[in-house]
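Each in C-alpha cells, the structures are laid out below.
One chain, subunit A, links the two complexes that follow: it is found with subunit B in the first and with subunit C in the second.
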Partner chain A sequence: MSKGKRLAGTLAIPVIACIVTNVICLAKGVPMFETGLNWLTFVRAIANVSLVTYALSINLNSGRFDFSVGSIALLASVLSASISVKYGLHPAVMLVLSLLFGLILGFISGLIYITVKLPPMIVSLGVALLYEGIAYTLTGGHGVSFVNNKELLGFASVPNYLLIIVIALVCVVVIFDHTTFGYDYKALISGQRVAVNTGINEKKNALICYTIAGGLMGVQGFISATTTGSIQMALNFGSIAPMFMAFLPMFIGGYIGRYSNDKLGYLLGAVSMAFVSMLYVRLMVNSSVQQVVSALLLVGFLIFLNNEGRIKGLLHPKHEN
Partner chain B sequence: MKKQHIKDMIFRIAPIVGLLILFALFMVFAVIKDINIPYSMKNILNQSVIVIVVATGAIFIYTLGSFDISLGANMCVSALIGAMAYNRTGSVLVMLGACVLCAVLISLVCSVLASVFHLPVFVTTIAMLSLLNAGVLMLIGANGTGDIVQVPADAVSAINTVEFKLLVLCLYLAVCIFVFNFLKLGREEKFVGGNPECARLTGLNNSRLAILAFIMAGIGVGLGSFLTITYAPTLSRNTASSVGMDVIISIVFGGMPVSGGARSKIYSAVVGALSMTLLSQIMLMLNLNSGISQMVKAIIFILVVYISMSDNKKNNLPR
Partner chain C sequence: MKSLKKFLVLLLSVFMVLGLAGCSGKGEESGSKGIDNMKNVKIGVLVADATGAEALAFRSYYENYIQKQYNVTFMYSDELADAAAESSAIDNFIANNCKAIISFASADRPAQIRKCAENKVYYAVATGTLSDDEYAEFKDNEYYVGAIGPDLYTEFQAGYNMAKYYLDQGKTKFAIFGGATPYYVDMHIYRTAGMLVAMCEAGNGDYNGAKDFGSMIGTIYGMNCQLTPAQIGSVELVSYVGGYDFDDAWFGKLAEAANNPNVEVLLAVGSGLDTFAAFKRPDQALGTVDSYTADAVKAMEAGTLNYLAGKFSASIGPIFMATVSAVQGKPIRTANGEALALSQGYWVATSAEEANNYFTVDSSTTDPAYTKAMLDKLYGASYDDFAKFVGAYSYEEIQNLKK
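So, the complex of A and B:
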C-alpha cells in the first residue's frame, strides 16, 4: 500500500468528521471553537473516549467482554479522591493514586477471571456489582464531593489533557506493539490454542491485559472526577454507561488500523467523536436527538464495515466480457 | 462412568439446590425476625415475576449464543406505548396488544437489521439501546405530564394481583417450554448455539432462527411491560431501567451457559430470578445497606455460577 493511500485511509474519518461538523456549525452561525472552554471540552472528550476505548478494546480484541471497566473508574476515583481530599494532596498525586488503584482493581478483576475460569462476561458482571457495592459502602452512598477544592479542579486544562492523551497513546503502542507481551497478546488473539501450545502463558497475558485496562480506567475516572468535583454513586450496573461511548471509536480504530496502527486509530476515532460531541454542545442539541444520532452513526458505520465488499461492488461494478 | 454421571447431575442441579438453600435461609430468618411470611412471599413473586417473564423469552436469544442488552429499554418503550394506547382507548386489552406488538416489532427490527446487514447482534442491540432510550425521552416529552406517563391506578387495580401475574407467567412459560423442548425450533437453536458453522453447513438458516428467537423474546418483553404497568402505572424514563441487567444475571444464576448451545435450559430464568429476589429479601431482613447487600450478591453470584459450571472447564481460558 502506498504512503499516500495509508495517510488518506488514516486521516479520512477524522477529517470528514471535522469538516462536516464545522460546516454544520458555521451554517447555523455558531463557530465550533469560540472560547478556551470549547477547546477544553473538546480535548477532554478526546481524553475520556480514547482511554475508555483503549481499556475496552484490550480485552474485547481477545474476545473478553468486560462490563466492569466503568466500575473500576468509579471505585478508583472514589478511593483516590477520598485520600486526596482528606490529606490535601496535589492533583498530580491524585492522578497517580487513581492510576495505581485502577491497576490494582484491574489486576484483581483479572485474577478472579483466571482463577474461576468462567466466561469473562460473567466475571465482569460479578466484579462490576462488587466494585459498585464497595464504592457505595465506602462513601455511605453519598459519593465524594470536592466542588470547593480549587486545586484539584484546577487540573482541568488543555495541556494536562494533551499530556495524558500522548502518554496513554505512547504507552499502549509501546506495550502492545513493541514488547514480548504485546507479541504474545497478538498471537493469542489470532490463535488461542496454537499460541498456548507454543508455550505462551495465557493466564499471565490476560492478567496483564486486565491490569493495564484497569490503569487506563483509573485515569479516566480521575478525569471525570476532576471535571465536576463530585463522584456520584451507582448501583445495579449504573456504572456501565461509560462503556457505550467506546464502541464507535473502537470500530473506527479497527478500520483505521488497516492503514496504520489500530491504537492510533482508536485515538483518531475518539477525535472524530469529540467533533460530534462538540457539535452537540455548540448547537445545544437535546439528549434524545444526541442518542439517536450516535446510534445511527454506530449502525451506519457497522453496516459499512460489514458490507464493504457489497458496497464497493455496487459503486464499481465489474463489466463481464 | 457412573461417578462422572453423578458429578454431571450435581453440577446440573446446583442452581436449583442454591434456590432451595436460599428459600430455607429466607424461612429461617423470617421466623427469627417474626416477619409476615405470606406478605413477604407475595412481595417476592411481585418482584420476580416480571424478570422471569422477560428472561424466559430472552433464553431463546441466549441459546443461540447471542445477547440482547436492549431488553430493558424495549420494555420501557413498549410500556409507554401501551399506556398511551390505554389513555386513548380506555381498553386494557388494547393496552396489552400494544405492549406486545410494540415489543415484538422492536425485537424484529433489531434482528432483521442484524441479519440483513450481517451485523453482530450484540452491537446492534447496543445501538438499539441508544435509539430506544432516545425514544423514551421523546415519548414522555410528547405525551407525558412533566416527566411521567400515567395510567389511572383504578384501571389496572383489578389485575394487579399475584394470581393474575402468575397466570400470565404460567401461560407464557408453558408456551416457551413447549416451543423450546418439544418443537424443532428449540432443537435447532441449541444446535446453532453449540456450533453455528456446523449448523449452517447442515442447511439450517441461522438468520431465520435469530429472527424467531427475537420474536419469542419480544413477546416476553411485551408481557413484561404490560405487567409493569399493572404493578406501577406511573411510567418514567427509569421504568424497567434495571431489567436488562437483571435478566442477564438471572439467566446466568439459573445455570444457563452464556455461550448457549445444548446445555441451555428454559427453567434457568425462573430459578435465577427467584434466587436473586430471595437473596435481596434476605439482605433486607438482615438490614444490610445497599452497598454491602450488592457486594454479597456479587460474591454469591460468582460462587454459584462457578460451581454450576465447574464440569465445563477447559485448559484454555474461556472467551
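So, the complex of A and C:
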C-alpha cells in the first residue's frame, strides 16, 4: 500500500467528520470553535472517549467482553477523590491515585477472571456489581462532591487533557506494539492454542490486559470527576453506560488500523466522535435527536464495514471486470 | 379442709377475674390511645432512585429514626426502572408478609395500587400525588391509604418562586437546566413551566405564545418537552439544557449554558450542584430544587449556590403514620371515606445560615423535623387534624408544633 493511500485511509474519517460537522455548524451560523471553552470541551471529549476505547478494546480484541470498565472508573475516582478532598491534595496527585486505584481494581478484576474460569462477560458483570456496591457503601450512597474545590476543578484545561491523550497513546503503542507482552498479546489474538503451545502464558497476559484497562479507566474516572466536581453513584449496572461511547470509535479505529496503527485509529475515532459531540454542543441538539443520530452513525458504519466489498464494487466497476 | 379448698378456689377465681380485667384494660388502652407497638408491622418501600441525595435522606429518616422509634420493619426494593420491576418488587414484598407498601416509584402507580388491593395490602404514595383521574379511580379503595407530597401546582409554584426571586432582583438573563423534562416527567415539566411563567410576568412577554399556568403546560407538551431559548419580553431565556445524558456532549452543553457571559442566573429544576455548579462563572447566581445536604450547605457558604428549595426528609413521616393507622384498623379518611390527597411544599433557603438550620434538623436522627411525639398524635387522627398537621409544613410552623 502506497504512503499516500495509507495517509488517506488514516485521515479520511476524521477529516470527513471535521468538514461535515463544521459545514453544518456554519450553515446554522454558529462557528464550531468560538471560545476557549469550545476547545476544552472538544479535547476533553477526545481524552474521555480515547481512554474508554483503549480500555475496552484491549480485552475485546481478545474476545473478553468487559462490562466492568465503567465501575472501575467509578470506584477509582471515588477512592482518589475522597482521599484528595480529605487531605487537600493537588490534582496531579489525585490523577496518580486514580491511575493506581484503576490498575489495582483492573488487576483484581483480571485475577477473578483467571481464577473462577467463568466466561468473561459473566465475571465482568459480577465485578461491575461488586465495585458499584463498594463505591455506594464507601460513600453511603451520597457519592463524592467537591464543587467548591477550585484547585481540583482547575485541572480541566486543554494542555492537561492533551498531555493525557499523548501519554496514553504513547503508553498503549509502546506496551502493545514494542514489548514482549505486546507480541504475546497479538499472538494470542491470532491463535490462542498455537500461541499457548509455543509457551505463551495466556493467564498472565490476560491479567496484564485487565490491569492496563483498569489503569486507563482510572484516569478516565479522574477526568469525569474533575469535570463536574461530583461523582454520582450507580447501582444495578448503572456504570456500564460509559462503555457504549467507545463502540463507534472502536470500529472506526479498527478500520483505520488497516492503513496505520490501530491505537492511532482509536484516537482518530475518538477525534471523529469529538467533532460530532461538538456539533451537538454548539447547536444545542436535544438528547433524543442526539441519540437517534448517534445510533444511525453506528449502524451506518457497521453496514458500511459489512458491505465494503460491494460498495467498492459499485464505486469501481472496472475492478470487477 | 373443705372450706379451705373453697376459700382457695374463690381466691384464685378472684385473681383470675382481676387478671383478665387488667389484661383487657391494657389492650383497650393500647388500641384506643396509641399505636400498637406489640405487633411488628412490616412495610415494603418501592424506590425508583436509590442514590439521589433526597432518596437517601428519606431512607435515613425511615431506617435511622422511625424504625428505631416504632415496632416496624422497612423492607426496601432495589432501584426500580420500570413498571415490570415495580410489579416484581410488590410480589416480593407480599411473599415476605409485608402488610403495607409505601411507594416512591411512579412508573405505573395504578398497576401498583391494583396489585396491592388484590392482595389486601395497604398502599400509600410518598412525596407525590396521583393524577385527578387516578385519584377518582382509587379514592374509595380501602387499601389505598393516600398520597402526601408536592402536588403538581406546588411544583409549578416552586419553579415560579425560584425564578421570581431573581427577577425581583432585576435579573433578566437566564439559563435553565430542565432535568427530566425531555422524558415527560411531570414534576420537572411543572417546575420549568413555573420558571417560564414568572419570566413572562416580569418581562411582560410570552414564551411561544404562552404566559400563564395552563397555556404554559400545554405549550411545553406541544413542544414535545424539548424547550428552546427565547426572548420573553424584556427577559431572555438565553440557554436551555434538558436530560441526563452524562456524555461529553451533555457536559459540553451544560458548560456552554453556564459559561455564557450573557447569562446572569442559572436555574435548575433539580441537581443544580451536579450540573451547573462546576461550570458557572463567579458572578452568576445559581438556584436549584434539591435536598438539604452537607454539600449544598457548603455550596451556599461558598456562594456557589444562592437559592435552594428542598423537601425535608421527615415529610414522609405523616404518610407512614397514616399507613400504620390503616394497617392497625384505624384508617384516616375524609368525611366521605375517601383516601388522603394532601399537598406539602418545600423549605426554601436563600442564605447559608437558613440552609444550615434546615440541614441540621433534616439530617438529625434523634430530633428530626417530625419526632415520634408529633407523629403519635396522628395515629388514628381525624382527617381534619391530620390535614392541618400536614399543611403546617414550613420550617417555622414545624418548630412551633414541636413546642
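Operating definition for what follows: the second predicted complex is superposed on the first by the 317 of 321 C-alpha atoms of A that agree within 3 Å, B and C clash if a C-alpha of one lies under 4 Å from a C-alpha of the other, contacts with A are read in each partner's own complex, and residues count from 1 in each chain.
Heads up, the rule we're going with is that contacts are C-beta pairs under 8 Å (C-beta built on N, C-alpha and C of every residue); 3 or more make two chains touch, one makes a residue touch a chain.
Keep in mind it's a predicted model, so treat the numbers as computed, not measured.
A.B. asks: Label the relationship between subunit B and subunit C on subunit A in the superposed model as either fit or clash.
C.D. replies: These partners clash in the superposed model.
A.B. asks: One more residue to check, A:63. First (subunit B), second (subunit C), both or neither?
C.D. replies: First partner only, subunit B.
A.B. asks: Between subunit B and subunit C, whom does A:45 touch in the aligned arrangement: first, second, both, or neither?
C.D. replies: It touches subunit C, and subunit B stays clear.
A.B. asks: Who wins on subunit A residues touched, subunit B or subunit C?
C.D. replies: Comparing touch counts on subunit A for subunit B and subunit C gives B.
A.B. asks: Thinking of the overlay built on chain A, is A:171 touched by subunit B (first), by subunit C (second), by both, or by neither?
C.D. replies: After superposing on A, A:171 lies clear of both subunit B and subunit C.
A.B. asks: Check the residue A:83 against both partner chains and state whether it touches subunit B (first), subunit C (second), both, or neither.
C.D. replies: Neither subunit B nor subunit C is touched by A:83.
A.B. asks: Looking at A:136 after the superposition, I want to know if it touches subunit B, subunit C, both of them or none. Which is it: first, second, both, neither?
C.D. replies: both
A.B. asks: Based on the superposed arrangement, let me know which partner A:236 touches: subunit B (first), subunit C (second), both, or neither?
C.D. replies: In the superposition, A:236 touches subunit B and subunit C alike.
A.B. asks: Using the superposition on chain A described above, determine whether A:287 touches subunit B (first), subunit C (second), both, or neither.
C.D. replies: both
A.B. asks: Between subunit B (first) and subunit C (second), which, if any, makes contact with A:125: first, second, both or neither?
C.D. replies: first
A.B. asks: For A:18, select first, second, both or neither according to whether it touches subunit B, subunit C, the two together, or no partner.
C.D. replies: neither
A.B. asks: In the superposed model, where does subunit B crash into subunit C, at 3-11, 39-47 or 165-173?
C.D. replies: 39-47
A.B. asks: Shared contact residues on subunit A for subunit B and subunit C?
C.D. replies: Dual-contact residues (subunit A): 136, 141, 235-236, 286-288, 290.
A.B. asks: Give every residue of subunit B touching subunit A within the complex, in rising order.
C.D. replies: Result: residues 67, 113, 117-120, 123-124, 126-131, 133-135, 137-138, 141, 242, 245-246, 248-249, 252, 257-259, 289-299, 301-302, 305-306, 309, 313-319 of subunit B touch subunit A.
A.B. asks: Which part of subunit A faces subunit C closely enough to touch in the complex?
C.D. replies: Checking each residue of subunit A against subunit C gives 35, 37, 40-41, 44-45, 48-49, 136, 140-143, 145, 147-148, 153, 227-230, 232-236, 238, 241, 245, 274, 277-278, 280-282, 284-288, 290.
A.B. asks: Using the touch rule from the top, collect the residues of subunit C that touch subunit A in their complex.
C.D. replies: 50-51, 53, 56, 78-79, 81, 182, 226, 228-229, 239-243, 245-253, 255-256, 259, 273-275, 277-279, 293, 295, 298-299, 302, 304
A.B. asks: Mind listing the subunit A positions that touch subunit B in their complex?
C.D. replies: The touching residues are 62-64, 112-114, 116-123, 125-127, 129-130, 132-138, 141, 192-193, 196, 202-203, 206, 235-237, 240, 244, 247, 286-292, 294-296, 298-299, 302-303, 306-307.
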